[in-house]
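Chain naming follows the written order as A, B, C, D and E, and within any one chain the residues start at number 1.
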Amino acid sequence: MIRARLADAALALALPVLLLAAYDGWARTAGNFFFPPLSEIGATFAAEWLFTRVPTDLLPSVGRMLAGYALAVAIGVALGTLLGLSRTLSRALDPVLQFLRALPPPALIPVSLLVFGAGDGAKVFLIVLGAVWPVLLNTVDGVRGVDATALDMARSYRVPAHARLTRLILPAALPRILAGARTALAIAIILMVVSELVGADNGVGYTVQLAQRGFDIPEMWAGTVLLGLLGFGCNAIFVAVERRVLHWHLAVTGRATHARRP
Amino acid sequence: PEQGADGLTKLRIAETAGAPLNFLTYGDEQGFFAQNGIDLEITSSSGGATVIPQLVSGDLDAAGSNVVSGLIAIQQGLPIQMVAAGTSTSEDPAQDFSALMVKPDSPAQSIADLAGQRIAVNSLRNINDIVLGNQLQQAGLTYDAVQFVEIPFPEMAPAVERGDVAAAMLIEPFITVAEDHGLRIIGRPYTDLRPGLQIGTYLMNRELVASRPELVQGFQRAVQATADAIGADPAAFRAALPRISETDPGLAERVRINLWRGTTDRASLELVMGLMVDYGLLEAPVDLDAVVVG
Amino acid sequence: MQLIPAISRGRGLGLAGVVGVTALLEVVVRTGLLPQAWFPPPSRILPAFGEIVAAGELFGPLGQTLQGWVLGILAAAAVGVPLGVLIGSWPLTHRLTRFTLEFLRPIPPVALIPAAVLIFGSDLEMKVFLIAFGAFWPVLLQTVYGVHDVDPTARDAARCYGLGPRAVLVRITLPSALPHLATGLRIASAIGLILAVTSEIVVGAPGLGVRITDAQSAGGAEDVMYAWILAAGLLGWALNGALHAAERRVLHWHPSYRGGVR
Amino acid sequence: MLDVRELTKSYDGVPAVADLTFTVAEHEFVCIVGSSGCGKTTMLRCLSGLVAPTSGEVTLDGTPIDGPPPDMAYVFQDYSRSLLPWMTVAGNVAFPLPYKGLSKADAAAATAEALDAVGLGDRGDAYPWQLSGGMQQRVAIARALAYQPRILLMDEPFASVDAQTRADLEDLLLDIWRRYRITILFVTHDIDEAVYLSQRVLVLHRPAHVHEVVEIDLPADRDQLTTKRLPEFGELRTRVLSSLRAPDPAGVTP
Amino acid sequence: MLDVRELTKSYDGVPAVADLTFTVAEHEFVCIVGSSGCGKTTMLRCLSGLVAPTSGEVTLDGTPIDGPPPDMAYVFQDYSRSLLPWMTVAGNVAFPLPYKGLSKADAAAATAEALDAVGLGDRGDAYPWQLSGGMQQRVAIARALAYQPRILLMDEPFASVDAQTRADLEDLLLDIWRRYRITILFVTHDIDEAVYLSQRVLVLHRPAHVHEVVEIDLPADRDQLTTKRLPEFGELRTRVLSSLRAPDPAGVTP
């Protein structure tokens, strides 16, 4: 069991280690100002992010990101369920939502600054605005794709609408919702950075941008690496949660239990 | 840069959107660059930090930047040089293209009254820090007596009106717009530091400067000619503004116009550089002789 | 016969939604909930938009943005779909690429702008790279999810009938993953447009984004700026409509598109 | 109690149920037979209020049905899709009970009893996809029984179980029917089963309309061995069979 | 031809198939009966190479099976899920054919013929979800027939069709079996059907192991009416039934 896990980790690590080694070798010989060797990035990373900037920049960033993400998931699932259930509503709101979805969040920074000011509000708003769509779309599709027989069953047993929603429609749509939520998580991290490009005075994105403007290239890459690690960590947590919540789905689709010949 | 069929040398240049871009576009339109053998290909940019890497990679031949970004890049070891002056502030404080502004009902009369409050700047750790820091020092405060917040120019006036920030460091044409909304000017940090302070600069790759001196000189002459033309007939420049930019014609008649000069003002650079070192934007001064061309 | 009223009913509802929201916005601005001085009401944005269209100014930047979008999405799909299928159906690739992908994925494309500018310059290629990078992830993820969601009974049936792995892939896995892939493409399309406009705003690559910054830095031209933002939104809306129409044709069999059952 | 009048349901203009008329009295056990695709499932879906008929009317105790009525349970033909994969077997059976007003304890008791009755008392903690086809079908039946309905619609409920279990379930159903005086509509392809269980067999022809009603005048107390050996049983069986095979009078089939 | 030796398949340590051993000769028709949940489906899945056994071996013509062998068709118990909703009925039937090397025209002809044989010749353009349960099951059967396999595994393939159609399908299957000399393994709960169709009936007890093999020594030519009236038919029927109900010798059931 443990051996299998170790082998798994080794396998997963092989590719990144290879890639990193290749990069380092290239960076050392090329001597490009914008692509410093790993040791330099590593040293900067250790100096800046272990752990001097954690309370001043990392935590505020993550806090805003989580707030925006949570709101995006809540709004996306709620609105997506509504739209998935009501064709009328989805027809009425579709053009407006599609329009809003197509608006590039950076273009909306002016509006968010106007409405929420230069504080955390505008940044959280921006994150919500970008991250809500994958959740919303997937929820709509998931809700509409619920097995008709299962729905008929619940209706025929007069399971009230709210219980049909919470006990049947949402669980059935959950695989789709989580697929959307996972994409949304990545987008939330992207927008966490974007939101810190304007009107910020702390945060990881802010630090990266400042480094970039100051041509402090190792620091810029160190921040980028931190963002990668941050995303990796968030995603690992997400996958763990998903595994617990969706164990039935994994099993039904034959990815969890018992030898199935590939 | 290659010679085109028309005998002109193509020069790819990026300049910061707004007044600097208008200046360059006007000069191109008036034919000053063509007269000096240059066919300008202008793109707009959001400032020095994004275009300097392109200078280094050779995707651009020249780039407009503010002097602070330029100096930082040079100090970090990037192979670029300053070939001409970009925008400068006016000699007359009343005509300064930039201003520190507050709400109509704000009790503040100068930056000295803003200690402990938030001031909006368009870009942190940059030229604003320098000029505002200087003002703070003159008022007997320290550089960190106020908190700088980054907000884009167009959003500054609304932010001041809402009270998100106590004051904002605006530039034209937003000053004129803000004045229409009743915002009040309480300081001219640029002219305060030095009347006619040079803010912008044109950068080129060191290799290009060394290999194509005639191209650099042609560029310098064209910039000078443009500066002279605007100095001689600002009205014509104003009239051109709605044509070469999105500026509203009514606004174009009233905006304050920067000072332009062709050659680099060493005194401004030294002043700015000194403050940059004081405020930690620069680790050590750079050798201006090796940086400034012409 | 029956379709026509249904469609026009859908259009009518959508139109009502658009008109409703526009009117609401107008009221919000006019009553001062949003500061009119800084946020022009729709009644000023629309004429400004009309002027851009009438002057023929719209189409150049629109084409430039669109070009980047199309190339970027194509690149993302060309890489994302095969890789997604591979990762989804072959556990070894999943294990090999897990860390690498999970690490690269959260890196905000915007943080890569400096490096992209260095490698690709400041125009179309850079834009296409950024769009492809950003759009790649939703395509990949949704493909993986789609592959995982195949009904095992259907897959078993195909395997029993002697379909080789390739045939199972083409005839079973891809079609049943198609609904997920469609969602992925719609998300990718939105992200692609966001990145197109963002890269235009940040780097100044030609397109709609540049017109937004130009109008923004002109001062007093808020209505023109919002007109360009509107253009970006409309572009996204049109792109999405096209994708949706294609999806409706291809996925007519899916429970969410089946007519007349419930 | 249940009154079906000129019920018609068309899909894309093609009728699946056409001019179907019959009534079911309180506490009746009616079996429905008909060829594959003749419209039995469609009919049950209309009776249950799940789909709106194209024309005609279904009334229950005098009120027209326009949605699933209370106290009705429906065992679907596509049983495996009617089970929710994220709930255990017990969870699936108990799922509708709270909404009927049962307390947690009552629901658990009813669930356990129903699972015991269908022979799955020990599989309550399994998930549906861990069960065999016949077991899944019995879970769907258990869900209907635990619900203690007044009307029970069953669509080929014993199709996937073995002969022995089938006989046991038939007797279980008869017992419940007698004990709780419920009304049952039972679709089956097994004519023996139809005759053995019911008081009346409706023979449907395609598109679903009543071709003949066969009254089953067998003694009320039935037994797998003795009842099926009665000469009347054989006769009734033959009658249903020949009625099923009978051609429609000319002009009736569209 | 097919050799099953000490086959065991456990789920979470609980055996569903235990020590199952039997052989099937070329061109044999073997029926498999056993109580619900006794492991018939699990056994077929092991034989088809879809799941790996926990222990034991299945060999086909001497080579061990480790994946679906060529020339094998499988009609799944969960037929409705084995049909692809994005293909028409004809598309579902035809889709495996090109991979067998059939030309487009041959595939179309085989599809049309198979659909005709199961009585769905006119529904080729419909989608599976527009069909009744019994029709869907027949589509799954048609797919297997059109494939012209050498071995045919069928898991309760006639469970959802009416008696008449069922009899027709039985005779169709016998005809095909005779004509093409294929090998058939047929799981059913209908003992009449098992006796009527096969040459041997394997009676499985739980967890799936062979309790008894009943040789069906009826004349090769069979007929729904005459064969089922033979006294031997009744005897064989009773033998299979009692074998099904027989208790396992003490100590064998785990």
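Definition applied: contacts are C-beta pairs under 8 Å (C-beta built on N, C-alpha and C of every residue); 3 or more make two chains touch, one makes a residue touch a chain.
Keep in mind the model is a prediction, meaning the values are calculated, not measured.
A.B. asks: If I count C-beta pairs in contact for every pair of chains, which pair wins?
C.D. replies: A-C
A.B. asks: Measuring centre to centre with C-alpha atoms, which chain is farthest from subunit E?
C.D. replies: Taking each chain's C-alpha mean as its centre, the farthest from subunit E is B.
A.B. asks: Return the distance between the CA-based centres of subunit B and subunit D, expressed in whole Å.
C.D. replies: 83
A.B. asks: Can you check how far apart subunit A and subunit B are, centre to centre, with Cα atoms defining each centre and the answer in Å?
C.D. replies: 38
A.B. asks: Taking each chain's centre as the mean of its CA atoms, how far is subunit A from subunit E in angstrom?
C.D. replies: 48
A.B. asks: Using the average of all C-alpha atoms in each chain as its centre, how far is it in Å between subunit B and subunit C?
C.D. replies: Inter-chain centre distance comes to 37 Å.
A.B. asks: Give the residues of subunit E that touch two or more other chains, as numbers and ranges in rising order.
C.D. replies: Each of 11, 50, 67, 78, 81 in subunit E touches at least two other chains.
A.B. asks: What positions in subunit A touch 2 or more of the other chains?
C.D. replies: Each of 34, 110, 114, 147, 212, 252, 260 in subunit A touches at least two other chains.
A.B. asks: Two or more other chains in contact with one residue: find those residues in subunit C.
C.D. replies: Where subunit C meets two or more other chains at a single residue, that happens at 35, 38, 114, 118, 151, 201-202, 216, 225, 254-255, 261-262.
A.B. asks: With touch defined as at the start, can you tell me which subunit A residues reach subunit D in the complex?
C.D. replies: Listed in rising order, the residues are 147, 149-150, 152-160, 163, 167-168, 171-172, 174, 248-249, 251-252.
A.B. asks: Quick check on the complex: what are the subunit A residues that touch subunit B?
C.D. replies: 33-34, 109-110, 113-114, 117-119, 198-201, 210, 212-217
A.B. asks: What part of subunit E is in contact with subunit D in the complex they form?
C.D. replies: Counting only subunit E, the residues touching subunit D are 11, 33-42, 77-78, 80-81, 130-135, 138, 155-156, 159-166, 189-191, 241, 244-245.
A.B. asks: Could you pull out which subunit E residues touch subunit C in their complex?
C.D. replies: 45, 48, 50, 67-68, 70-74, 76, 78, 81-87, 95-96, 99-100, 127, 129, 143, 147, 153
A.B. asks: Would you tell me which residues of subunit B are touching subunit C in their complex?
C.D. replies: Interface residues on subunit B, with respect to subunit C: 14, 17-18, 21, 43-46, 50-51, 53-54, 56-57, 59-60, 152-155, 157-158, 161, 172-174, 176-177, 181, 245-248, 251, 255.
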